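Below is the structure I would like to discuss, written out as structure tokens.
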């Protein structure tokens, strides 16, 4: 069955797999010092236009978030995030496991608002009891968000400016970064992003790698002894080549952005297919599309395609997630289209 | 100046001090095994009608909360609390320091609603991704709440029943327990409370002691090796007599409840005084009263009495906290009354 | 240059790589529920003769150790290990990061002695102050040890019996398990091991995989909510297939033990080559050989082969590590042999 | 029965109790800002000749150690201590609970040796794998040590110089500081000590207070946001006056050192009494004396005086601890003397 469940339900992008195969017989250093990690770092520095960036490769997203946060804030500091943020909801308390509070702000369809942020900070430092509170040390945002939405350059600039004013570091979780940058609605590129935060990640797992996330400190501003911290988090790959080789492939000849653009193109076609059948989609301009379906629609569609139920909207309607990726093909979308057509015909018949 | 700032701004209740003096020359065991701790435990067991209760004395409130929570939930479990809960706002992340997430539910004037709780739990276990989330292991409520409000017996019963259904432990933080139980609006007593939760604390610091909080596991259900856990939290008093002697005094001849009733009586008089001058108070039937004052009113009153600013209501009005305790006297209230009368006269004059 | 630096300086074993290639185009479930993880689990259960075993795949060794320990001991419990244990020396405090003390016993060439263990436990529980101490909750041993040595079946039986008597769980870290089981000196097999501990790991990274370690709870005794704990440690692979496919290959047609036997054969040849040139080796019957070299010998050898300096023995002699693996060839050993011969000739010449 | 079990088995020193009584009726600020804490801080600054010192009062010793260490080292750093150090043995893992490893060096009758320290540090930074290890961030020593021994000024100077060379902070745990400074063998005073470390504590609980320890950062070098850290550790006293008043008394008219000298005088008399009866004492020049007793001697003595068994020496002899304090009187020592005389007579009789 055609699966739209996630962007991590397939293997490696062919070019990534090819690079794993062609490098397999070579020996290498370990723990991040292999030749492909070095090469990948150089390519990422060029793509970010940050010749001095410090770059590290970790295996997974949750460990990347927990490690970056723990390395960057003091032990008495917490991290500001929206209520829907991945670190607040779907990481089983990995941030708290290292002693840091996730301080929540409202989620505006996945996004943090600069107004909410500045209001929180002003009230916090006006409060005479703030010595009894967790000090905010970092702002964590996701790009794209967990709900497929995007920040504009202006919004990020605003947040980053507030961060600087309050001595907060800004961390942008880019687990699906390429799908955000490739969106038609994105008004900046990788180099701009790198210049507007203190640290960000470039997701590999959801962008064609088998595993691996890159952590970028764009101004060469990695915390002291970051490798020890990575190791302490159990996040230092012995055969670091497994991540290095894959990122080396992803950042060769613009593959990373190609993957992003392909998935976005597929997602936009998917939007039109849903729209044609009167299915309401929540706002998303990236590779995750959220459709509002009745139980009957879910039952019928799931005979042909698989997808994830996201959350109930009301007693009748459920939000369902349909995800595209580098691996999505025209044939997959045709299957979806036909399933919708069949569903519509039967609904019409039912209505007669 | 007369201070209504807090219930921890004075020394020990005279009877508590007297007991410290009269026992000072005796030698004792340490680490909780002194004779006064034993005696205090026995008196608390009687007051709670829990002959089998396990009881421990710790120095302070935040360490009591962090220790009880950490001892009672698994490391992958979090604790449910309202957004205004002391553990969520005013403990500098002590719960998170031991790796546990505070999962927040809405605050209804300080209270958790059973409806919110059951809704959260149903949605949680319906969510297919709950293996990526922090499991709820405990419900934490305060009695009275941080805002001076109370739960009814029915409300606590409802919450406790839900806890049992979902294998959650119920912890009632009683840092000001006596002021809650003594309120006219409270429809249960200490013994009832002890029968309707898994663990609760009896605050001493705010009820006439210099320091000290009692932790009660009413069914003799203290976690295994609880003393090691207390020690690990840096919360095991070497000269445990300092807490034991004070609680021994507080639970002799009903002193604990006397202290509570006196403070409540003073608080009710205070309410009437404010009301007479048209000052709006937020709902509170305990020893913390929250008055809505303009900046001008705050300035004038603070020439005669001191109090705490709690939080801004709008651009003109600030919520201010006035607290009574065992040490509040008629003279203190007279000072407040006169200050209000003077303020009213001047306002009248200003209005002419 | 021929490298004997480690067993993680090469790519994947050809059969592992082949399985990654042939499965790449298939879609799969994630987070451990993919078809290859299921298949690998079934094969490991058969190899262990533990039909009821709970098995999980994590990315790396340090995260495996930290996760298993944290999941298995209470928060007030520590883990007993030798002073040379990996968790005590080379994991940057990952165990302590989750709040657990590593309590050390003497290292007997890498091994823990049952006598030391029982002596410690008796003294511990005789000590009236043990409520002020970290309670021992687990024994951690490595097989083979960090120094290439092995435990006999009798030694493990003895330790496991002590563990049962004191309610300690026994965890055997098998990061190089196959190289230990394949040693001529090993007097038991995988099924025996699985029956003589509470949990053990099967290392993939050093045995031919690109990454991945299997955690086995042989009696189906995985801690409750183990997946949440894995996630909390940042150790849950989204594309779990990357580990599942590799272990599926490693446990097909006895590959895991073949890899072990090949490396041991190479190591024994290496022993003979060193011995022939009068180089003293520390006791090791596995794939890690430790040679005592002078600075001059190190300088000369390192022109032809690379290896790791382990630790200084005295002012003249340094212990150096030479490691074989599935990837070591006769040609590699010939290079070593020639380098030693050349060194000997020059030493003879120098001596004339 | 006369108890020599500990220096925390009695009430408060009369002068301390008197100050608690005479200040009881006054109102005060809380959380460290009360007038007596301010006064005590000023007196301690004078006693230390450190006008710029930052001083904080916490309730107990273990929480003081855990808080100071956690506030002063980075999360990836550990603390160097001897194997017999209180933080390594008797704090139930409070240091590890906050994620820090205790890295042990040999104990020389309780003391750390500068030679061991420098050897460890050189080897550590020579080790190419140190990025996989816990970085040393602090040296923790106790004065006097857990075994009643002392460091000379020269020894502390040597250790402090090494600390500076390796960017380690030096923390001196002075839970019994006064008993060390008052010893005849101590060749420095409080002001000298304050000039030769980065942070130290002044114990109150064992020196005549009911509870309370002072933390001194002599160069005004308290870590940023130290109050938040104290609160996060559950160590911030609401009624801080309980510690402030007591330290105010202890540092008035030289009481702290008087208490020390009295206990030392008593301990030296005790030494002579034991010596007269041929009882061997382990080296200690402070208020804790350790006597080597047979089981028979222990049985007979314990009819008249109580003491602590410390640890078995061999199958026949047990080390037993006899402690003096400000509360020890001539009458107590006479009881001990008579008990020893009676024991000797019966031994003589038994020998006839």
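Some notes on this structure:
In order of appearance the chains are A, B, C and D, and numbering begins at 1 in each one.
One rule holds for everything that comes next: a residue touches a chain if its C-beta (ideal position, glycine included) is under 8 Å from a C-beta of that chain, and two chains touch if they have at least 3 such contacts.
A quick note: this is a predicted structure, and the numbers were derived from the prediction, not measured.
Looking at A-B alongside A-C, one finds more C-beta pairs in contact between the chains of A-C.
A separation of 52 Å divides the Cα centre of chain B from that of chain C. Mean C-alpha position of chain A lies 42 Å from that of chain B.
The centroid of the Cα atoms in chain A and the matching centroid in chain C are 34 Å apart. Within chain D, residues 75-76, 91-93, 97-99, 131-134, 228-229, 231-232, 236 each touch two or more of the remaining chains. Taken together, the touching pairs cover every possible pairing of the chains.
The touching residues of chain B, counted against chain D in their complex, run 3, 6, 8-12, 14, 17, 20-21, 23-30, 59-67, 91-94, 97-98, 205-206, 210-211, 228-229, 231-239, 241-242. Chain D makes touch with chain A in their complex at residues 31, 70, 74-76, 98-99, 131-135, 224-225, 227-229, 231-232, 236. For chain D in complex with chain C, the residues that touch the partner chain are 75-76, 78, 89-93, 96-102, 104, 123, 126-129, 131-134, 309, 311-312.
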